[in-house]
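This is the structure I have questions about; it appears just below.
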């Protein structure tokens, strides 16, 4: 992005390449084997990791574990209330899509052999939404997952030398607004973005998922490149925040 | 209860007639017109009140408002994970039952004429469960409801002199454990109780709902009476806590 | 209740403390192991008890039996037709609630050890509704249950000395109308009641369930007491009618 | 059928061309505008007709009425209990098929112009099943329909000179068992039948529906002809029974 | 039919007793064990037969195989688009009815002992509809079924001497339009028909299913007879076309 | 990609940068306003465009049109049969995700003002699947959409000068297999790919969607760049094929 773009000030006072304040409250849940309440600004997502011995029947005897995820929004997490999917009796396409994305993102850094025949079920429930709920969910879910694995190691469900986690993973949204690429869009920015992209990357800076969508006009290769640059800088910041949270004394 | 019973000490150090620590965080939600995060010990329920102009079609022109409620538990709010009702595609009987109970309890203290043709939708989502989720939900929902009505009054959706709330309402569980009536059961107590009762009462000490169930052996009239005594003392305490929360400077 | 209240005459000619005519037709069904068509006035409920060897998987090897119940109303059992829940594709909250109530009420008088690893499924289908369908259902279901257990004893599925039934159980509604407590409300009374209570009690006069709801204004302790008195007198009458039906020569 | 076949005696003592005892109890329901509890032997079906002013939106202004039907079986109407379709959350193919058959059969004798813009909803609920539930349902539904139309005429919802019913309609099953065509199969006969046919015919002896199915071996033209003969004799008998019931003083 | 009727010319130039052009494209699918894309004029149905070893649990050890079928229409196979049943979340009565009809029709010519404990699942998906979709489906499904059985014989899943197919089966619609019986109705004819009948018959000329419905006025015995004559001539023609297709060099 | 990579020969004889044979059969459907049966090798998708006047209620009066899409697979379009989503009663996450992708992709090239208040519903039904079904669906759907708009222009539902289509759109999959980027993956290649990307681009070479997923190991920026190069060359080829099909004399 140009110098002038970097000097732009956003509605909440951030520069275009700045994350919102990110807070990770590890061990929020008294019950879950791993948990994190993560905030990206006003976006708040409760991530829990539930560990169980055994795997789905079709994986029995494979020697491999399984990690899966479900995403959901509380009905009044948003500006206006949405009907519950449990009341509607069916899960919407967007929910399905994000649940699958979270699961794939986490599995990309898991060595399922190292996990052994155990299952970790991640739940990401959006308590308050202000843009970037799926990226906050992935970033928080990684922390919950890491804690659940340590919990399991403590109980010897996972070997002392096993390394089920081969890397870290975090995610961030980027978008082009009035021609300027911006990092970590809040809701008011998200609805104005011409192009919207979610990038999931590992701590080593490799891509796990790149999902770019032209909301307004289609975008060219140069715009795509600038968004990818911005996103990788953002996920690098998020990685540092994740590692700091995990380094802090656990609950 | 006998002197000796009152001296009993429970697993968490309480006396039989003592509530767990109750904390009400008003205005938790940045979006909802009224909200409260309520804790009864480790039980945490997020209550939001969503105000909308207008009523369901069958009430059009009645001059009356409508208050309704939905209850739900996060999948890992409990000790072991439960499948989401949205994924199962149907709402279970227990969820239905509690949603209906919360709605009835609130409507018992609402003058729907005073509310005008407006709807308030209450959502009670259990973030963490340790017994008494329905009673915490009702107690917190009243606070969210009161705040939403004040919000509406501020925007003149409700008349300045209208008094849509004719009383306060709170709820508590009571039960008989090893022959001793006890107040506000935690989960480990709930599963041991021979008789389990939820009482919803107004600030004036009148009953809105009395739901007693023999979990083990049927109970006699004397036991019923001692439980009712205990419950009314508990709801009186809860009323004081509600009023203190509402008296504090709002968000 | 006061002398004068007891002298009141209701729309159908009853005194406040009088049941409607109760008729129990045992063995109505040619197929079910136990069955009763019960009438509380114009309310008619067909109760069947289906006996099967074995229990749900999670009870295998427990040495205990299982009793469960489902309640439903025919679409035109009511004054105006209701859509079928099978057509709507989901069971409503009220249906769920009553099914669970019936099941709990029956299990309160069953010694599941005495039943052995057998399952009894109760079905209560309301053929015609005029208030009190859930209380008629419970009262009739007990008769069907007792007959199914005798059927099973005859085939040696239940031991000759086993006593799976430890008491009888019956239920009745009570309510306060124009300030007067009344027993066994017909539909026109039910809609006018300020307070509505359903009481399930055993033949020995112990409570199994007490469910009181303020439909209009909340109620005080004295009103609650008078309703409980009335209800226990009613369930005592119902117990006599059940025992007489069971004493009569079976079909 | 041959002389010798006509002399055969069936398990319940009938000759091959004999109906079971048919009983029609008109006005069984205190609520419905028309109703009949019909028995074909042990098969018992409660048929109600619910009259409402107005038609589905797509028929508004057509000047025509609408008649539709739903069929269902109580869970223990059968020899072994079936799960409720409301609990399963979906209606089975058989239920759909029979509901549609009943609706078509009744509409075949209704002049919808004569009915005016009114809707009659027929419900046929099988209380006890012993073969022939769909044919009993159609036969009883006609009586309920006729009574609902007379009810509507009495309230002037239908014109005094209008003739919404242009004929009567009844239905019977026939089948070939051990080579012998038989009328009105009971359940034990139905399961043994090589060919099974349901015939719906008007009082004038015209066919409304002919549904023949080879359960075992395919059937030839001669067999088909003998079944049609038997069925038309059966529906003629049923027509007489319907007319006698309708001629009797109504409740 | 009279001489003059036979001389009538239909909208598409056919005589009353003439089939539309029938084309069977065997082996259309690269994946299915048997398949046929069948056209009856503009009606096009893709029929696939999926062979799997094993049978549903309730048939284990019976030594018998299982054949079942599902029918569906693409949303824009029809003149105006229909909502997808997957989106509506439930299968309609018509779809259920036709799926069951196809399954029964095929099973009528299958010796399940000869098939061994194997399952063949037939899928009939209507790509384009112009009347007669169920009859085209049955006719095409037989070809797919026959090919799947040959495929299984080639892999020795079915014995070399086993004859799982004891006859062929085909289906055709007939109807009375303006008093004239006509064969194989196109959609514009179908909607005008007073009586509509679908006949399923074997190659030997025996009936498997006869389903006649009075769409307008009820029909008499003479009309029924003329329709049956016409239908048997039609299924005989279809049998020849099936055999020719099966005799042609396979894919 | 390197010289040597370009010389690699794939299982089906293609070079890494070569599309499978693409065939577009315009006007396949006799009913739809626009339609195309498109093949990418053995992958065959039937795309129909259904035009209706009017828009969903929430768009009334906006002066804008609406384009939406649904994707589905026939149960035996795949190598082994999948259960129908209509039978399961719910749509899976993958189906939802692809339906949404197709809709977004088409809307990216539609000027909804130019379309006027009309709706075009696209249906993409996979008749046979061999990898790349979503990309074939998008590519074929564009042709069906273009034809439906011309149909509407011919009937003056769309203005003679209106240009509802502002560009063309096509899609292709790319992936890295054994380290080599490859275009338009067949199923056997898709399951082996370490990274899998679907790219939707306009005829002018702009991106509409970029969805890259690390199936095996995460990917770096250089790999991402090479996949994007390959994809844009592929969509350029597809654009030429679309334009040639649309230039050919219509049906």
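As written, the chain order gives the labels A, B, C, D, E and F, with residue 1 at the start of each chain.
One rule holds for everything that comes next: contacts are C-beta pairs under 8 Å (C-beta built on N, C-alpha and C of every residue); 3 or more make two chains touch, one makes a residue touch a chain.
Note that this is a predicted model, so its numbers are computed, not measured.
J.: Out of D-E, C-D or E-F, which pair touches the same way A-F does, with over half the contact pairs the same?
T.: Comparing each option in D-E, C-D or E-F with A-F, the repeat is D-E.
J.: Using mean C-alpha positions as chain centres, tell me how far subunit A is from subunit E in Å, no decimals.
T.: 52
J.: Which residues of subunit F are in contact with two or more other chains?
T.: 89-91
J.: Think of each chain as a node with edges to the chains it touches; is that a line, ring, star, complete or other?
T.: ring
J.: Could you give me the chain order round the ring, subunit A to subunit F and onward?
T.: A, F, E, D, C, B
J.: Going by the contact rule at the top, pick out the subunit C residues touching subunit B in the complex.
T.: That would be residues 90-94, 96-97, 99-100, 104, 108, 167, 197, 201-202, 204-214, 217-221, 224, 228 of subunit C.
J.: Of all residues in subunit D, which touch subunit C in the complex?
T.: Checking each residue of subunit D against subunit C gives 29-32, 35, 42, 46, 48, 50, 52, 70, 72, 74-81, 84-87, 89-91, 95, 121, 123, 125, 127-128, 130.
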